[in-house]
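Right, one structure below, let's go through it.
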Amino acid sequence: MRISGRANNELRKVKIIPDFLDHAEGSCLISFGNTKVICAATVENKVPPFLKGSRTGWISAEYSLLPRSTNVRTEREAVKGRQTGRTHEIQRLIGRSLRTAVSLEDLGERQIKIDCDVIQADGGTRTASICGACVAMGLAIKKMRFKHNPLKNLVAAVSCGVVDGSVLLDLDFSEDSKAEVDANFVMVDTGGLVEIQATGEKSTFNSKQLSEMMEFSRIAIEQIFEIQKEILLG
Amino acid sequence: MRISGRANNELRKVKIIPDFLDHAEGSCLISFGNTKVICAATVENKVPPFLKGSRTGWISAEYSLLPRSTNVRTEREAVKGRQTGRTHEIQRLIGRSLRTAVSLEDLGERQIKIDCDVIQADGGTRTASICGACVAMGLAIKKMRFKHNPLKNLVAAVSCGVVDGSVLLDLDFSEDSKAEVDANFVMVDTGGLVEIQATGEKSTFNSKQLSEMMEFSRIAIEQIFEIQKEILLG
Amino acid sequence: MRISGRANNELRKVKIIPDFLDHAEGSCLISFGNTKVICAATVENKVPPFLKGSRTGWISAEYSLLPRSTNVRTEREAVKGRQTGRTHEIQRLIGRSLRTAVSLEDLGERQIKIDCDVIQADGGTRTASICGACVAMGLAIKKMRFKHNPLKNLVAAVSCGVVDGSVLLDLDFSEDSKAEVDANFVMVDTGGLVEIQATGEKSTFNSKQLSEMMEFSRIAIEQIFEIQKEILLG
Amino acid sequence: MRISGRANNELRKVKIIPDFLDHAEGSCLISFGNTKVICAATVENKVPPFLKGSRTGWISAEYSLLPRSTNVRTEREAVKGRQTGRTHEIQRLIGRSLRTAVSLEDLGERQIKIDCDVIQADGGTRTASICGACVAMGLAIKKMRFKHNPLKNLVAAVSCGVVDGSVLLDLDFSEDSKAEVDANFVMVDTGGLVEIQATGEKSTFNSKQLSEMMEFSRIAIEQIFEIQKEILLG
Amino acid sequence: MRISGRANNELRKVKIIPDFLDHAEGSCLISFGNTKVICAATVENKVPPFLKGSRTGWISAEYSLLPRSTNVRTEREAVKGRQTGRTHEIQRLIGRSLRTAVSLEDLGERQIKIDCDVIQADGGTRTASICGACVAMGLAIKKMRFKHNPLKNLVAAVSCGVVDGSVLLDLDFSEDSKAEVDANFVMVDTGGLVEIQATGEKSTFNSKQLSEMMEFSRIAIEQIFEIQKEILLG
Amino acid sequence: MRISGRANNELRKVKIIPDFLDHAEGSCLISFGNTKVICAATVENKVPPFLKGSRTGWISAEYSLLPRSTNVRTEREAVKGRQTGRTHEIQRLIGRSLRTAVSLEDLGERQIKIDCDVIQADGGTRTASICGACVAMGLAIKKMRFKHNPLKNLVAAVSCGVVDGSVLLDLDFSEDSKAEVDANFVMVDTGGLVEIQATGEKSTFNSKQLSEMMEFSRIAIEQIFEIQKEILLG
């Protein structure tokens, strides 16, 4: 039995408040239970050097924990003078995921930068960031009134893990810290996986467990797509 | 006539939501109109090296703009690898101001670190940070149930400026960007100034204008003390 | 048909030269075809701060590309003054993988640092690094003559991908750069997965393709275990 | 009674040696008693990116303490790899102050960089830097023989404080370290304040004390203008 | 008597394996006994800013120790975030030495970057790097089929020192660490010195010892030129 | 004929003003013609980690150019966030040279840090720094009234070069920039060389030229010893 009373395959309450910020071209506040992330999309008419003159756009992401989003204060990366390995890993994952939702040709020579700032962390910050970032990016693209909409599909993600031998969906921090296996699944709403990261630090896992985690995640991600669509299509 | 319709000596709507974060020892979300800052207080049983063994505590502050708190995206300092001069200047001011509210001897060999993260910027972020930081710190101190309360007094701040020859209180961003003179006043509720910073980049100012700005600020800060007291004493 | 003439499920020639360096406690040169990595294990009688006094050891890894290991020169990270996100991501993966091979309690309060320096890069440098790092670490542990051998099992890894719709094992650089899906599998010789990273940047993938990649990888990793055993047990 | 025997409103001996350096376009060595600062002005035909094409110039300043300018050696910022918050704060103040003395339009698309290097520190290094920087800049501008002299007025500064309840002008280090209130006043010779920074770390202050400090400073700054004029107009 | 059994004026076995790397325009693995360095030359059609438009080329070098090239692990400079003073000193020496071998006018507006990565260190890594770098650069130049060969001459180097009062050629690590005097000589094959660095940290030296070291080095460098010629002219 | 009218083997006017700074334990301003360097010695009761508990002291040096010490402004290293290779090379040379003048055992577990800050640069700044640093260190040691004076001997240095085929002593900047060969000699007053650095970037040199440079330098350094002795023994 989970402390929260949730069923093993049950998501926490997912809420997305669109247009959370006045200045960003697109933005939202996303929460998965107590995990809260501000996602903001910025559109720039300038691409990274490797794309200059290519008529192709780019999507990139940055991720950060507010120092007291965490139980024990996390030192501010601006003070340390460098981003940690974990931050690099997460923001690369968010960027890769978002690029699967967009036709970079239709975007044209523009860059969308997504900022995911975690206000409160209770497990699953990277998957919540992907879900919110897709909405922020979608809102920004909508405002630009493209002839050919570059947003080809939606992208969403959820975490899943094995705790005391049971597969559990959408781990909160207390579950995550004792999980034997920890996995993140990213999918698009046209049906298909775009990223799996599964890690067994305390134990190994087998393909049966992987399948079960994938199945839990597939169904949960469908529910997240519904919430995203309500905002972007509503 | 101000675009917002405010009188020259009128504050924007000031709102403080206490206990905004689950994990911090003390926290709030403070807003001055559209300017919004999350303030979080962390208590550590460890002081900076220069105070080791002194039986005396310390208060320090860190300040940051979320990249899309601003109209044009502000580059993330963690990515640049260093904090800007402006950030250094502001967090030193916040720290200094807070230390005037506390008996560091009564605090004992502990450090309180205040994080001020600006979610949305519309002028006056440093003065809003001081007002919110005082509440976050006050809430954290309250929880520690000291015999001798180290919180000696409250501290609050407001900005004031000269725009088109008129003294205006609590400038928003559009007023701030065309101000001839820009000033910040920090006061304690036991009556007294703890910091004045007044700058005339586009024009000089005289002592009459300074007095008028000081008077506007004094009255406004009294109102802020009322809001702080309601939360800390209520 | 692959340019190299290999079958879709065929590994490149894997060769491990043990004791490649005079000074390291354990070392090897591993090659997967033209990909060549020097792996060196250093044993230190000192653990990271979070483990001090815990009677538990730690394994960490560092990874680097020599500037001309790559076709186009890669700028030296020491000159740039920071490691890239890709480097952080890879060295975290290597460290996590190695820790699944060792009882950190039996290791005692010691740290083994593994350096993986890529001399020549032709695809699969991170998986080759894991395979070689396991040997370097195994040789270092062997020399220490523990009563209870902390090396519980072997760990190895291989890359797999989808190119033009076909699942191919152990991609070289030319295959990797046009792959629709790119995956890395890490397993232990006691049977079980310890990490999957599967990414579809140009296309999505389904669970059937994932299963096929996993099956190809499982068989290939068995072959790598044989080569590791010959050195460590021979 | 002050240790130095000075009256409360008495400046230390102020001396300016113009053209102290062979290579700089303008330079001087300024001393306020034992505080000594080398000020050098460099003229560059290039402005910061935000002013390109604007036909407008810029003035910026850098400030540094030589390691043994101070009683206890100050670590070299080039070795630490970053400038401290204090340095940032001071060089921003110097730059702002100097820009009030110059018509940036008349300067044209040029940048004047002022270097203030403190050879010996005995209190008041930032205000001495402003006074010397104005001379170095004025000498550099003079050499350029503009049709419309961009130097509109002189700028000078002095520190003032409250020690043991008395207002004292131009604090030396021993007075500064026990001051209850510490203030810096920057004025232009056309009459007018350009910056006030007043801080009470050990105590608060009231508007009467502020007025007295302002009055002491106004008179002292008049004397500094005389010395500046002798060099620049002489 | 030297532990290795070598005569005082005897070089260690010098071996150069050309074309050691697949991707570099020119490369080799050079060994002086147990000291082993990978040298790689990269040709870029772009020069440093100070040479733009000059029709003149440039040669620069970078040097690094692999962490376990040394007996005690050397911390990775990319992790520390900066290159050490020793590294800076060595790579400047290598660059300077190589520039004496090349007509930068005949090279044209191109830059050759030489990477010297020490795989194993047993004394004399900087002089081995110079000898190997000359070969890597020579091979890269050869491939470019210039009308006027910019390689004017060869350059090579050797270390020499005074140990227990005797002049010894080509010190290994154990000799180097107890040497009273440590010197490096760089010469060109057209006859002539291009660099001498002689240091007596534990003792001084006189001109007689300097002459003897220079004579030993001159003869040894002639032998190295023979090995270089065999590869570059063979 | 030299522009300055000096004979080929003639030093510029060398002047040393002792006790130039109030706060340093030992200090001087040294000038070689227009080259001026402030040298300051700091004594700390703390040694670098590798000497803890060894009862042995250490001497280290730091070197910096003031931005406008040079004809074209040199960017401030504190702003760039790192010291250049040239700075590293020079401060290592100064430190090494000074350690030959001192018995580190007699110094005891103390560190003397020497700061050499170049106020004005006109060639020969590193050799002037060594000469001045020896005086600053000597003055600091004198004040400490050791039973066994750890200052065993004096150390001094001078530059020499080949310009248009002639050997010239003590090059100024204009001579230095067209020199074919550039050399620095460091000697102790007990007779003996402690460091030679000779470089031919535009041309090679032979042992005859080296001997002539060494002879010029030997005689000039004798004169510098006289000036040092007058201050330290006078």
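Order as written gives the chain letters A, B, C, D, E and F; numbering starts at 1 within each chain.
Assume a contact is a pair of C-beta atoms (placed from the backbone, for glycine too) under 8 Å apart; a residue touches a chain by one contact, two chains touch by 3 or more.
What you see is a predicted model; the values in this text were computed from it and never measured.
In summary, no chain was found to touch both subunit A and subunit C. Chains that touch both subunit B and subunit F are the following: D.
On residue numbers, the A-C interface is repeated by B-D, which shares over half of its contact pairs, out of the options D-F, C-E or B-D. When every chain is reduced to the mean of its CA atoms, the largest separation from subunit F belongs to A.
Set against the C-alpha centre of subunit D, every other chain centre is closer than that of C.
Subunit A and subunit E have centres, each the mean of its CA atoms, that are 50 Å apart.
A separation of 59 Å divides the Cα centre of subunit B from that of subunit E. Rounded to whole angstrom units, the spacing between the C-alpha centres of subunit E and subunit F is 27. Contacts with at least two other chains are made by residues 81-82 of subunit E. If you sketch which chains touch which, the chains form one closed loop in which each chain touches exactly two neighbours. Tracing the ring of inter-chain contacts outward from subunit C, first into subunit E, gives the chain sequence C, E, F, D, B, A. Chain contact summary for the complex, subunit C toward subunit A: residues 82, 84-86, 88-89, 91-92, 96, 99-100, 187-188, 190-201, 203-207, 210-211, 214. Subunit D meets subunit F in the complex at residues 21-24, 27, 34, 38, 40, 42, 44, 62, 64, 66-71, 73, 76-83, 87, 113, 115, 117, 119-120, 122.
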